[in-house]
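What follows is subunit A paired twice: with subunit B in the first complex and subunit C in the second.
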Partner chain A sequence: MKRLKTYNFVLNKKFFAFTLLVVIFFASLALCLFYRLDASNYEIILKFIRFPVVIRAIVSGATLALAGMFLQAISKNNLADPYLTGLSSGAGLGIVVSMLFFNSSHYSLFGFTGAILTAFLVIFLSGFSKFSITKLILIGLSVNLFVGSIISFFILTNPQKAYPMTLVLSGGFSSPDSSEKFLLLLFLAGIIICGVFTPILNLLRLDERIVFTSVAIRNKYNIIFVLISAFLTSISVYSIGILGFVGIICPLLSKLLFGCDARLLFFGNIISGSALLLLSTFISQNGIFPLQIPLGVVVAIVGVPFFVFFLLKEGRL
Partner chain B sequence: MFKIITGNIKTGFRVYNDFSKIFYLPQNPYYPKGISVFDYLSSIFFSDNLKWFLSKDEKDKIEKVLSKVDLLDKEDICVENLSGGEIQKLNIGLGLLSGADLFLLDEPASNMDFINQLKILKMLKELTKKGITSVVVMHDINLALKYGDTFFGITTEHKILHQDGIKFFTSSNLKSIFDMNFEILESNGNIYVQSVD
Partner chain C sequence: MFKVLTSLFFFLLLSCASFAQDAPSFVSISPASSEIMFAIGAQDNLKAVSSQCNFPKEVKDKPIIGDYYFINESMLIDIHPDYFLAPDSADFLVNKYKKIGITPLCFRYENINSVYENILALGKLTNKEKKAENLVAQIKSDIICAKRSNKNKNKKIFYVVSVEPLRTIGKKSFITDVINESGNISITNDVNNAYPIISPEYIMSKKPDIVVFDYTCFGEDKLMKLLPNAKKVKLTKAQSDIINRPAARIAESVLFFARLGNY
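Then we have the complex of A and B:
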């Protein structure tokens, strides 16, 4: 009897948190779509302006949160970030190259390619002899610095294009050029891959020194999870560019709210990431109306109070 | 040595063993914060096959192991709220769930009070009667000689001493292992080891 009671309590708390997130998700979805909608040509506005923005917010929020969850789970470190594998600088280099050498406006495609290539380089380098997370982090850090200095070199040697490049690099595309269909296709593929591999995260909750069947299994899955999270982060780069902080805060927030069962966290991360980004998108577009506040700033303003509140309330991570 | 057997360190030697599965438990294993006892044990079933839910059979197995290690009434409690002895019992339960028949335990009775030490060793002793071999690293000589069947010692000259039963504990053996003088006391058929200054 007593056992049943505690179980119900735990379930209720998680259920309540989930409902709250779903409510925030749909409320901000509705606000993003229909707030200040002009009655005369609403179809065109919805189709060409608002739907793409909403899709981008949902896709990038969910992918960043999931990528953060995977990396935090395999490194057993709460500070792991989706851009750990040198992705941000790779994406930046792709963008800079596209602006300088191709005079192209397809920033996101170049950013996506750059991010994927850098991630592969980092994973390839850290997987040479024996794969370990520490090695991955250190190599990711070095590649980040290396590629970052190449970017600064390009910017400094091209003063006439320095301002637009810095603007694009400083986070978020103001007018993304990625196609929504391709984006949704990538997103769907990413989510399905995640769904297949998510239960394995439950195994990674155990200490990696505990050996029971074979040592090789765990190393294999570590690499698979790093690859998945690199893929997810690249999708988010393709969708809105480089956006920090979501990938750290959403996995931690859902860990506080939903405990540490990876199967629950999977849905929790999708919903919390996309809800946070939808809400931030709405505020960034309508906060000071004619102006657009940069998305990264709003994400921090919205996310930090939430996170600190739950951190203080729960007190454990 | 444990790492060589389990394959963590690659050596020029090939290690042959007759055991189907090996379970190795390090000292103070990591566990995530806020995980319940039941969830902790269930982790082991998400190993290689990509499935989302535990089967009824696996849940029953977990309940059975929990009752074996006396933690059935605490299955919803967070692991960090358990005592050191209970966590150690939980980890041994993990080994039972893994289906291994060779347990390699690195000081399973360290960092806990005397009663819990006795309980853990008693449990391991009972497991050996069910066909599970346990290799245990111990620093407490008296506890080791009470619960062990076969003893190995490594001398200061890196030679291996090996003897079945409590005949292993002679003053000369202990002197060559620990480089200290010990005396063997005997009362009521039990023997005790005591250091001599």
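Then we have the complex of A and C:
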């Protein structure tokens, strides 16, 4: 009997999926760190290039996937994206301003500030007492369009820097200047906050009118979740720039693999997000070495087949 | 009398038209082509330029028709030039003007020889063949002089187009050819691309002696973290837009890299 139980446990779909993701995670981690390592100056390469890259990939993958999970849960919409609240355009404006007016290489910090400020603006405009998700999405969309056109104006009026700016905006930083210690501190804070609030997400699976005694309490939780996801997305901007797609695909993939329990999804998202980004980082750096492929491009190429495979296999979300 | 006058008027009009055919008019959104037009003395044929054209000084007296992204089309139709000079990356933008009888000329610049070819082609179109030939001969002799001034040859040069993302020059960039002509070596001359995004580890393994930043490049301090022998590497910035412009001043560009060899 006992044997049979163990046997069932091994065959358990969730356990199998989790093991698969962990294997992909560690395999990509090892490849990112040690593949084609130059023996003569391996210390410098590991310290200055590979460790920071690996840390950034893990941090941004995990934060984007978690942010996507929160937003998809509160909006009850599988297409919700971490950049829903106008964050991508805010971060983009920060990066463009830093490149144009400060001639600085501190894009990460400018992007982070831009993202946080835009998120606050959007949440503020959505109103606290009369908050609703639809309003948030519409205001986020308007801010995205408005700030997006400012970015286009800056790019078009500065043709000399247009190409680097477009590259940075489209597919993430290739060499961000964010300090790893500060990044890890932010990441830790984000994960702890997420861990505290994740069990409450399970309540949102039920009808809100049953769960919450008043609209005010429901709105309070919604605003808290939007703030958490904005904070997480800004951390990802700080670490790797604007990277679409991960925030939609990882929460959906985790849902397919692990079901709907938010506590399981929390770990599932962390591992699937970071595994996807580690694998993509490895391919983007070594696919056509010594040339580099922008990370955003690789994420889509790696992520879509995975996602479609599981979607077809499972059939429903 | 009226008939005589009208026929005289038409005769004048026709002669004007035939005169115009002899000296075709040009519009240029390529700073390099504008520079060549001035260098071969065909500046009068150049009717309008782009906002990026900045050499020689007189180019600023010409009306501005736009840049790589926007072209003032009503102005273009008013001028109705015979030829439209554009960089090869902008051919998608100007090819549509073929329909209204404006021939786009998108010159390719893959090496110094193609610069010579472009100068001669523009000389031929503007009936300034001799001047163009003289200019090419002058550039060739200047390049030979520049190469001689490089005493310690074969310095390894890493040319940085932009730091974020890390872009450099590859086999197909004319700057690689300029560095070769100066007697030095571009460490990325085997990368099969014009302006590739390159891996920092690849640069580390090649151990450059000199790092040259493009004048539009920024964030140089960031790159220094990546180079192991950063203290020994000489850093320099291409001061103006001579280096990244495949035009009449290309010999100065060769001289710039040749002087780096003496470091």
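One rule holds in what follows: the second predicted complex is superposed on the first by the 298 of 317 C-alpha atoms of A that agree within 3 Å, B and C clash if a C-alpha of one lies under 4 Å from a C-alpha of the other, contacts with A are read in each partner's own complex, and residues count from 1 in each chain.
By our rule, a contact is a pair of C-beta atoms (placed from the backbone, for glycine too) under 8 Å apart; a residue touches a chain by one contact, two chains touch by 3 or more.
Computed from a predicted model, the values in this text were never measured in an experiment.
Applying the stated contact rule after C-alpha superposition, one finds that A:Leu203 touches subunit B and leaves subunit C untouched.
Once chain A of one complex is fitted onto chain A of the other, the partner contacts of A:Lys76 are limited to subunit B, with no touch recorded for subunit C.
When both complexes are overlaid on chain A, the residue A:Arg263 reaches subunit B alone and has no touch with subunit C.
Contacts of A:Asp38 after superposition on the shared chain: subunit C is touched, whereas subunit B is not. Judged by the touch definition given at the top, the superposed model places A:Phe48 against subunit C, while subunit B stays out of reach.
Using the contact criterion defined above for the overlaid structures, shared-chain residue A:Pro290 touches subunit C, although it does not reach subunit B. No residue of subunit A contacts both subunit B in one complex and subunit C in the other. Those residues of subunit A that touch subunit B in the complex are listed here as 3, 6-7, 10, 76, 196-203, 205-215, 217, 255, 259-261, 263, 316-317.
Those residues of subunit B lying in contact with subunit A across their complex are 6-8, 21-26, 29-36, 39-40, 42-44, 46-48, 50-52, 73, 75-76, 80, 91, 94-95, 98, 100. Partner subunit C is touched in their complex by these residues of subunit A: 36, 38, 41, 44-45, 48-49, 99, 103-105, 107, 156, 159-164, 167-168, 173-175, 177, 285, 289-294. Considering their complex, residues 52, 67-70, 162-167, 191, 193, 196-202, 204-205, 216, 218-219, 221-222, 225-226, 228 of subunit C touch subunit A.
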